[in-house]
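Here the chain labels run A, B, C and D in written order, and each chain numbers its own residues starting at 1.
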Amino acid sequence: MNATPENTNGLLRVSDLRTYLDVPSGVVKAVDGVSLEVNRKEAVALVGESGSGKSMTALTIIRLQPVVARILSGEILLNDVDLLKLDTASMCDLRGTEVAMVFQDPMTYLNPVMRAGAQVAEVVLEHQDVSKGEARSQVLDAFERVGIPSPRRVYDSYPHQLSGGMRQRVLIAMAISCRPSLLIADEPTTALDVTIQAQIMDLLAHLREELQNALFLITHDIGLVAEHCDRIYIMYAGQIVEHADTFTLFAEPKHPYTEGLLRSTLSPDKRVEVFETIEGQVPNPTDMPSGCRFHPRCPHVKDICREESPPSLDLGEGRMVACWLYE
Amino acid sequence: MAGDYPLLRYSVRRILQAVPLIFWVVIINFTIIHLAPGDPAIYLASVTEATPEAYAELRKEFGLDKPLYVQMGIYLWKLLHLDLGYSTWHNSPVLGVILDRLPATMLLMATAFSIASLMGVVLGVIASRYSYSVGDHLATLASLAGYSMPIFWLGQLLILFFALYLDWLPSQGMYSMRGVEPGWPAVLDVLKHLLLPAITYATYHMTLVFRITRGKMQETLAQDFILTAKSKGLNERRVLYRHALRNALLPVVTVIGINFAYVMAGSVFTETVFGWPGMGRLIFESITARDYPMILGIFLVVSMMIVLANLITDILYAMIDPRVAYN
Amino acid sequence: MTTSAEPVDHQSSNRGPQWRAIWGAFSQNRAVPIAGSLLLVLILLVLFAPLLAPYDPYALGSGSRLGGHSFRNIMGADNLGRDVFSRLLWGGRVSIFVGFSAAFATTVLGLLVGTISGYLGGWVDDILMRFTETFMVIPRFFLALIIVAFFGASIWNIIFAISILTWPVTARIVRSEFLTLRTRQFVDAAHVIGTKRSTIIFREILPNAIGVVVVNASLLTAQAMLLEAGLSYLGLGDPSLVTWGRMLYEAQPFLRQAWWMAVYPGLGIFLSVLTLNLLGDGLNDVLNPRSSEIHRTGL
Amino acid sequence: MSDLAKMNHSLLQVQRLTKHFPVEGGWLRPPRHVHAVDDISFSLSAGESFALVGESGCGKTTTARLLAKLEKPDEGSILFDEQEVAELSGPALKQYNRDVQMIFQDPFESLNPRRTVRAILRQPLLNHDAADKGEIDETVVDLLNQVGMEPGEIFMDRYPHQLSGGQRQRIGIARALTLKPRLVIADEPVSSLDISIRAQILNLLKTLQAQHDLSYLFITHDLGVVRSVCDRVGVMYLGEIVELAAVESLFTTPLHPYTQALLSATPVADPVKARERRRIILKGEVPSALDPPAGCRFHTRCPYSEKRCVEEKPSLRELRPGHTVACHFAGDVGVEAAAGSST
């Protein structure tokens, strides 16, 4: 089920993951039975709107979900090791070395009172047996690699002295400094301007070529992944509703939600006079609709959709859709 | 170049700002005190049952017969020559009396203040680590109690229990009435006298610092860069102390600094309860005796201590948080 | 085009993880009802002091001098033979009255000046800022001592001294709230639709600042009670009235003989201040959910 | 004035508008200025949708705030209905305050959390005595229905936190419409909304424009929205307008290198097209508006920058009918080649 024949070896395999959050108003089923795979060197996207549970999926994978979260079931295999069964110390050893993460807003995700270089050097010092001097030169290397024009100046700067694009580069340098095989990027460009977004996406692609890492990109912007990812998972209300390789998904979306999402996305390449929309609202997370969670907004709703949750249907060639229309 | 030393430039600016502030404080104090009905001459006259002629003589001696602005001019002129005036009650130079009493207060307050600050911070960090556990709830409630206790009542309770009921520690004064050999026995004697008043004062301060530290640590631990630190694979200790504490410390330092201003207020009560021969007693005695030069002198010294404490706080703040000095 | 008519009680934007907002908004709080009812009990007790107190608090010989606990004097009697329990109830009346009046006066004054300064800005604001800065450096407690000592220790002077010394802090708090609030988008929106200044202040901004003011008022009451007790403890209280602080002052020489003279009034101050602080804390958690937010921790 | 002139007149004419914000200096430094808006001119006819496009800090929001009278311009003029706005007073000023309304970016921030929908929507009517006391509630319900919140009655007593993001933005739109404006300034009206909600709101804006004969000034960074929603566009960079054109002309033949880069950086929801088009990745970042570069402000990042660009400020030239651009080399062979990436 891979886009390219050479990477037959899976890197990350998540199956039936359930992360529920206990909040005073009830239980939020943030991640509800998610299964997905990322192969080596591959770029995979997880696309969903706010509240779809995409970020919670990522946080659960590196086991940094909030304290109010409970993991009810699931397996997270990274290189065939189940992360959910690791003790805290071994998990800490994996973070930063095997799997690293880049977050959304580069301002709030950097420690404001530590120099940028020191924050990156910390990863190197934590995971490698090197001297401070060596760590420093490794960091400067990483800075150069992520296209920071004057690495020495940035090394000694505090985050508030850097621009948004530069901060995101520092965060990326931090993530790649120990050459992880999986890089998870959670909305890495949402807080940035369009031209800087292009720079950062370009950088992530280059790094992937250089370092041969896999990229797991989490985003709400389906336009962004059209260009940069091999395969796409579409997430709605805590569940994966469709999965396909990028070209197939855009060419013939199966799930009504994917279809609506694609139709609602405005592109600069064509003028649309009347926009087709997905009616209604995203459901209340503590009070999900019965049956298929998309049914109150679905134009093709049938009786069974209201009562029973649709199974994940394998359509062959790596395609998956969770919808009663294809049963 | 000044631009290369933002911290130094910042410190100099803050010191220069403090000078006019002190000047204003002196003028305001002077005005308020002299506007009040009654004066030291009346007090002395009534104590000594003097004749009206002797009273007028006293007024002239103290310079109270001149117009207010002249008195103020004279006072400020003397002040410029570091002359704080002559105490009407103690019949000796103000500065001498203050310097005589200051060490006792400093011994009591400085000891209690520094130990309490340190303990407050450490306990606060521990409590934040175990947020919302039973222990944390109990500690929080206990701190609220300590913080709500009138300092003089706590002193009375401690005297009742440790000095009067258990008879372990002395209840009054700084030295034993019976002479003690000089050297170590004398030091031990002072320490025994110091213990109860120090605990009395420290309780309030420690609980305050604890509450602020715990609250700020909780806030900081919820921030995004903590997630980054964890995703780097740092262990919990590092995350807690290197990343969270340094950020949480800023408001704590401010509170400690502001609280230093109230050290003297606390000393009035502590020294009254325990008969401690320090500045706190002195101010109270001077107010009762309407000893204007003494009161003004103490106000000046205390105001300067407050300014100094604020200054140190600001500079510490700028050292911890680079954003302060650079902006 | 219609939207769903069902109530939607959650935020659906891309502002960040949803659970955060949910947790904040629905955070339950037990401190407020507990502290609130405790405070009510205290107020009722002192309000009905005339009915509850068995003796005239000023009457000598209601018990034997320095007499301990007995059926006649359930909390003992003081050095002049007055009933401690009766004095406690009547003293609380004064202490709590001083606390509330001072907090009220401070809040009104602080709200007024803070509002004007925060909304108008400019030179009005400059003057207030300079004033409060100077004020922060003056040893406030000593100044209170002087005012009460020099101008006379009547209860009104005490209330005056406390309010005059605490209002700048309240004004600063209100001012900084206004400064933040007036740059908010909904205030811009109010300008665009042509809303009058006074309406913007009273309808748009003030309701959003009131939470902070209420919390502050609760803490101020506690502070004022402590200050009054402190002044009285030093013998600078109103000599014609019994207050908890004055009772402690009178107890000081008799600690050895009559511990009950110190323990009960102190307990009164302690419990009321604790209740008020608890209330302030709880209100702060409810009105300012950010600070009660739970943090994320790795497993 | 002849009828013909009336028909062609611009509803809004902005001429040489400038706004600099002072930044406090130290005691050794003079105060400096953020060049938020620098000498920009554009016009907008009745019934038209005009977009100001640019990245953060380019001055588009400041322009909107100047028009909404939330800020005072330093220089330049704003003509509304051929009247100088700065000189308006009394009833004419009040009329301007009704004619020009604004929709804000953030539906969470732009509604007062302590007021109900009813109170929020009544306020503009009360401010301008725009409805009879007895009919205010009816008017409000009618507005709610118009913005797609049906039946309006059930939303009247809700607080903003009881509404979803999309519903809140509808309230924001209803508030802008209460006074029957002629020009609505929409500052990033959909950028904080989910994609599926975004299309709903844009449809609503289009429907309302037709119903109420509105003109829109769209402030946005999203070229995808611009192409489908607007008639004409001005592209802003560092406080200046660098290109001004009709939508089709701009998207098919962008002339300014910055517009070209912006267009090529905007994601296209089509993997085939997205991977075929030529990509321009700009180097560096937007320079500080405190100290904008001399000459052409874009020269620090421009792939075609030459000596002339550093020394001489390019002025706006009309290269095609109704399509003006501020670039020395726009229309030249090399620069042209990069254009037309998304026809």
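The rule we apply is simple: contacts are C-beta pairs under 8 Å (C-beta built on N, C-alpha and C of every residue); 3 or more make two chains touch, one makes a residue touch a chain.
All values derive from a computational prediction rather than experimental measurement.
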| item | value |
| --- | --- |
| Between the pairs B-C and C-D, the one where more C-beta pairs touch | B-C |
| Chain whose Cα mean lies nearest the overall Cα mean | C |
| Rounded Å distance between subunit B and subunit D, as computed from the means of their C-alpha atoms | 56 |
| Chain centre separation (subunit B, subunit C; CA means) in Å | 23 |
| Mean-CA-position distance for subunit D and subunit C (Å) | 48 |
| Centre-of-Cα separation between subunit D and subunit A, whole angstrom | 32 |
| Two or more partner chains touched - positions in subunit A | 49-50, 64, 88, 220, 277, 279, 281-282 |
| Residues of subunit D engaged with two or more neighbouring chains | 164, 166-167, 194, 197, 200, 203 |
| Numbers and ranges of subunit C residues touching at least 2 other chains | 1-3, 8-10, 12-15, 294-298 |
| Complex interface listing, subunit A residues touching subunit B | 59, 62, 64, 88-89, 92-97, 100-101, 103, 105, 108-114, 122-123, 126-127, 158, 160-161, 171, 174 |
| Contacting residues of subunit C [partner subunit B, same complex] | 133-134, 136-143, 145-147, 149-151, 222, 226, 229-230, 233-234, 245, 248, 251-252, 255-256, 259, 262-263, 266, 269-270, 273-274, 276-278, 281, 290-291, 293-298 |
| Residues of subunit D touching subunit A in the complex | 55-56, 164, 166-167, 194-200, 202-203, 206, 221-228, 247-248, 251, 261-275, 279, 281-282, 284-286, 342 |
| Of subunit C, residues touching subunit D in the complex | 1-3, 5, 7-15, 25, 184-186, 188-196, 199, 203-204, 207-208 |
| Touching residues on subunit D, where the partner in the complex is subunit C | 65, 68-70, 94, 97-98, 100-102, 104-115, 119, 123-124, 127-128, 148-151, 154, 158, 161-167, 170, 172, 175, 178-179, 192-194, 197, 200, 203-204, 207 |
